[in-house]
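Everything on this sheet refers to the single structure shown next.
Chain naming follows the written order as A, B, C and D, and within any one chain the residues start at number 1.
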Amino acid sequence: MVQPIVDVSPPKWHLGHTTWFFETFILSVYDNNYTVFNKDYNYVFNSYYETVGARVVRTDRGNLSRPTVAEVLAYRQYVDAAMESFLSKQETLDKALQGLLYLGFNHEQQHQELLITDIKYIFGNNPLLPAYDSSYKPYADEKNEEQDWITLAEGVYEIGANAEQLDFCFDNELNRHKVYLNSFSIAAREVTNAEYLAFINAGGYEDFRFWHSDGWEWVNTHQVKSPMYWHYIDNAWQHYTPKGLLPLALNEPVCHISYYEAYAYAAWAGKRLPTEAEWEVASNKFTWGRRWEWTESAYLPYPGFAKAAGAIGEYNGKFMINQMVLRGASQATSAGHSRNTYRNFFQPQLRWQFTGIRLAESI
Amino acid sequence: MVQPIVDVSPPKWHLGHTTWFFETFILSVYDNNYTVFNKDYNYVFNSYYETVGARVVRTDRGNLSRPTVAEVLAYRQYVDAAMESFLSKQETLDKALQGLLYLGFNHEQQHQELLITDIKYIFGNNPLLPAYDSSYKPYADEKNEEQDWITLAEGVYEIGANAEQLDFCFDNELNRHKVYLNSFSIAAREVTNAEYLAFINAGGYEDFRFWHSDGWEWVNTHQVKSPMYWHYIDNAWQHYTPKGLLPLALNEPVCHISYYEAYAYAAWAGKRLPTEAEWEVASNKFTWGRRWEWTESAYLPYPGFAKAAGAIGEYNGKFMINQMVLRGASQATSAGHSRNTYRNFFQPQLRWQFTGIRLAESI
Amino acid sequence: MVQPIVDVSPPKWHLGHTTWFFETFILSVYDNNYTVFNKDYNYVFNSYYETVGARVVRTDRGNLSRPTVAEVLAYRQYVDAAMESFLSKQETLDKALQGLLYLGFNHEQQHQELLITDIKYIFGNNPLLPAYDSSYKPYADEKNEEQDWITLAEGVYEIGANAEQLDFCFDNELNRHKVYLNSFSIAAREVTNAEYLAFINAGGYEDFRFWHSDGWEWVNTHQVKSPMYWHYIDNAWQHYTPKGLLPLALNEPVCHISYYEAYAYAAWAGKRLPTEAEWEVASNKFTWGRRWEWTESAYLPYPGFAKAAGAIGEYNGKFMINQMVLRGASQATSAGHSRNTYRNFFQPQLRWQFTGIRLAESI
Amino acid sequence: MVQPIVDVSPPKWHLGHTTWFFETFILSVYDNNYTVFNKDYNYVFNSYYETVGARVVRTDRGNLSRPTVAEVLAYRQYVDAAMESFLSKQETLDKALQGLLYLGFNHEQQHQELLITDIKYIFGNNPLLPAYDSSYKPYADEKNEEQDWITLAEGVYEIGANAEQLDFCFDNELNRHKVYLNSFSIAAREVTNAEYLAFINAGGYEDFRFWHSDGWEWVNTHQVKSPMYWHYIDNAWQHYTPKGLLPLALNEPVCHISYYEAYAYAAWAGKRLPTEAEWEVASNKFTWGRRWEWTESAYLPYPGFAKAAGAIGEYNGKFMINQMVLRGASQATSAGHSRNTYRNFFQPQLRWQFTGIRLAESI
């Protein structure tokens, strides 16, 4: 039930919140026979939907010793059963309801991913550094091959999702639209731990020239010296994994870095990060999905972006400020949840997600 | 396992910490056959003993999902068994060991009290306001009698503990020494909720004249309008109790107030708080023990105060700054743990303990 | 010499800093005969150039009672004379030196603008609300005309500066490049105070639906209820001007608002802010220059952006994160300093610049 | 006009505030013919008297570029002249008025002292470290004599001011009253820089055993390594003086230390600080007045302490929390302002006053 930083939610809360989503946006609206499990749960499991009610005592998610895990699981069973019963009675699903169902599924998949990243954070910041998956295996120790570069010519390209060809996409991926790109190259694979270590050993964290002004302040304020979960112990780099501390896997893609670090690494390497449009139009030419990849694009609305009406409209649009776009997917992303039009986004200092680097350059 | 504010520790942590105390200061030192249960627990359950080792990853007590409750209970059983085995082999106890044992018992009693106040805080700040003791009864609704006043004459008095007449006392109670007191009166009973309500209704929280400068800033910064756990709902005052929200018990002693509030109430009432010496010399003339009572005395060393050597010396002395003394005991204090020489202490803004007011005046 | 918030520098400091710029980047580098006026001034007047030396005692610009204004003016005269002497000896200026000179001039113009905005802030936050320009006149009270809309068709457009056709531009404006725009409309004039007042009166500051999540937190944390410098006194809106408090000029463009407010106003009006590309390609069809105009574009590098080498390279690139682009110019901008390719940028919460709103919409 | 930290006021403000004191509490009350110089000055020059009116725009003293120094001096002349005129017309002074006059004089003397300490702070934190008194001389470099100890026997003593024997004293010195002291010794002279240096060189700042828990956190948070104004440059200790940086004067009393440092030094030396009562009763047996001396006493009311009515009552009483008492006087104290009953007080972390150490011990 712990919440070590504001970005990390307690596992128990994820369970309750995804359940609450179905109860609040589907059952309470569409099923006349539905009785709310516990009306106070709205205070506890509403994440940020201002539309759906105020809270009298400020809710710190990390301090909720009640409801217990058993109560949350009972809540989940109750709502699952109600959903099954409700759905079994529908002959057809109207468009709006179908949209909410898909949103609920995708919302749940997003929280499944957060469950994994949050548990890693909770254990990786516990002084006992407990292991939680003895079957964990690093990526096969691939040879650290030379980087290949993929080149695209200048011109008009199309990006964004085509809603008509998909069962579901988020509103922030719409609509498919034209962009003009200058010619560029993009790397065929992500930057590895070994490559990132060269940046560290070259003094990259101590040289302001590679950093944004805000990034330099962040590095110095927090005394950042390496990616999150790296520990330098007895003259060797180790990193915290689901199996506990292990020697740093040199040929894995570097992970758990902030946008500031991704930018600084690229500057040091004489390259840059790709824009999200560059990434998307080139994405069918390289392998992706092992790590979320920071882009040089701020998270902003696409041309013609429109929020949905009501609480559901709070899903994406209101976060379109002070965040950078990540593309790809990670080992923690649910199968079937990723697309090359998918726009993930985080603030530039955050590191607890599986975030890495793919380089690009203008040519 | 939650820690909603820094002053409140997770119940699980109290269990582990009191166990660690016996392991670290007795078994590890005196029992050659003892094997430490888990050497990493020192990082987790050391509270503030700088002597006993550093911590590599900063330990936030509220984020420790490991060790689990079951593991902590196993730790406790292990240490309890080791203590029993060790003690059964001693024919006599040397003085130092006996002192540590008594300290360990009293330390445990202090944490038992904290367990109660911390659980109340954790539940009382949960938006569900869960009840946790259905057998809870308010103090019998005593008639709100007129206050009686006890008067003591000017002169030399003695305060402080006499170590030779006690099995145990804390170092901060030593030594028994003389003080000179001017004549004064002290109230025979604590201020009640009804009396405190009169202060609220008279605008006491909005009138700077009754407050310390720091207290006035505290009231305004935190928008304090009443004691902790009071809620004004539907035109009536309720307060959170172990049984959940109940109508305010008017004739109970007012509780969960800061030193700032105690001082302001006394100023509004045209009285003052007693000094700890006044309280102690008069304490055999009134009933006490229902609430810790704020005094006008800062927590400072008694004449000739000397810290014990080693880690145990960190127990009291290093907190003798920026804190005010409370005298008495509360409903949460273990039987046998209270004495009229006992010096409790908290920072002036804290309210999660059972803290109340007894008035005094100079005459 | 005051610095009421971190974004506002003392007027004296602006004088010294612009002088230091010429001394450090031109005289000390190009003039062998030049003797530095006072080597310690580097600690005092370096703004953010990490390349140019460390500082032993942290310099709070607002606390520098030394050097005095007289000393700073003497410094300025000394450097001015040295510059004149140096330049009079040059038969031709090499390209690099000429670039630095132009940069120095433009840098000085930027600080002239800051001098005006900073003095307004310093006086506008002084409880005496002193007037400082008795000749100040509001914009002629233009009739509040209906808004006209300018429409541009979908297609490829060019934006950015063409260095070869300009004596000077900043590196962040380079290079001229193609963008693809969907069809859109853009307003012919800025939003007025009267129009913004309608937003206030409609409860715009109290309705989360119009705000970014970060903006909503900003509004609530700082209890923002109106643009900066507006005061509601005796049932009427007034605003602080160089002439002191005056009745709100209803038909002036609204000013001193944050990006969050600009966005919320546009959302309430059912429109949006233009992107910087939209603004630039349409800019020859409307009047601009009375207020900096927030755009929906984050401040990011143009395709092929490259920082200059050395300290001068710290000018723009390192700020390309967490800021939004403003286009246009304000009443405080030096004549000759503005261009329709000019990219100004500030953090979304800042309001002390002359910042306003022009609406757009996708069609 | 600068205010580098909240405790340090701008010199200009001291001038205006002491003037405002006479205007507000004497002229505006007693002189019917008096016209307030500028009614808005109350917003600017009221320090903390909540009784005397609210402030619409928050006044940051360090940001007041208006009124100018010339305007403040004109204000001072105006009030001085009005005071002279008013007093010249009084044949006798009633008791209350006489009390206010004395309070005004003493208030002014306190601000004269603050002027000196604040200017030292302002210049001593300017990276130019400007000298401001070329005639400054360190204390004659006295031989660092062995410490002598003065011993007092156990018994009842009297402390506090006797109002009838004084033209003036502060309310916090009243009344003269009896205290019981155990026998103790007190040092005949203050701790010197040389002695304090031994503490530094012995690792005193790195050893938690000597520090309060709060002090240890303060040392580590602020990375304190020496008294304020000490700089270790080129392998030698220097300190900032009115004449600029000078080699550390080893035999001067150590100065500009916090209560935390005074306490830690005493703990390291195996002694303690005196209580204020011990200091006062022994004060006729040693020389004092070169430095304020931290005592082990918290700033609390004397028996029978009563605040004056009205705004004047805010002078002392409301600060009687979270502060420690200092006794003596410093080189910056006005002649005639010091008494051995005088109770100065500051928060334990403050260092900008001339604060030092005199040791004591229980015997």
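By our rule, a contact is a pair of C-beta atoms (placed from the backbone, for glycine too) under 8 Å apart; a residue touches a chain by one contact, two chains touch by 3 or more.
Everything numeric in this text was worked out from a predicted model, so none of it was measured.
*Asks:* Quick one: which chains contact subunit A and subunit B both?
*Replies:* Shared contacts of subunit A and subunit B: no chain.
*Asks:* What chain lies farthest away from subunit A once each centre is taken as the mean of the Cα atoms?
*Replies:* Comparing chain centres, D lies farthest from subunit A.
*Asks:* Determine the centre-to-centre distance between subunit A and subunit C, using the mean Cα coordinates as centres, and give it in whole Å.
*Replies:* 34
*Asks:* Just the number, please: Cα centre separation of subunit B and subunit C in whole Å.
*Replies:* Chain centres of subunit B and subunit C, defined by C-alpha means, are spaced 55 Å apart.
*Asks:* Counting in whole Å, what is the centre-to-centre distance of subunit C and subunit D, each centre being its mean C-alpha position?
*Replies:* 44
*Asks:* Scan subunit A for residues touching two or more other chains and write them down.
*Replies:* Answer for subunit A, listing residues that touch two or more other chains: there are none.
*Asks:* Each pair of chains that touch: what are they?
*Replies:* Here the touching chain pairs work out to A-B, A-C, B-D, C-D.
*Asks:* Taking the touch rule as given, give the residues of subunit C at its contact with subunit A in the complex, in rising order.
*Replies:* 48, 50-51, 156, 177-182, 184, 208-209, 211-216, 259-260, 263, 272, 296-298, 300-301, 303-304, 313, 318-322, 324, 348, 362
*Asks:* Once bound in the complex, which stretches of subunit C touch subunit D?
*Replies:* 1-4, 40, 43-44, 55-57, 59-60, 62-67, 122-123, 125-130
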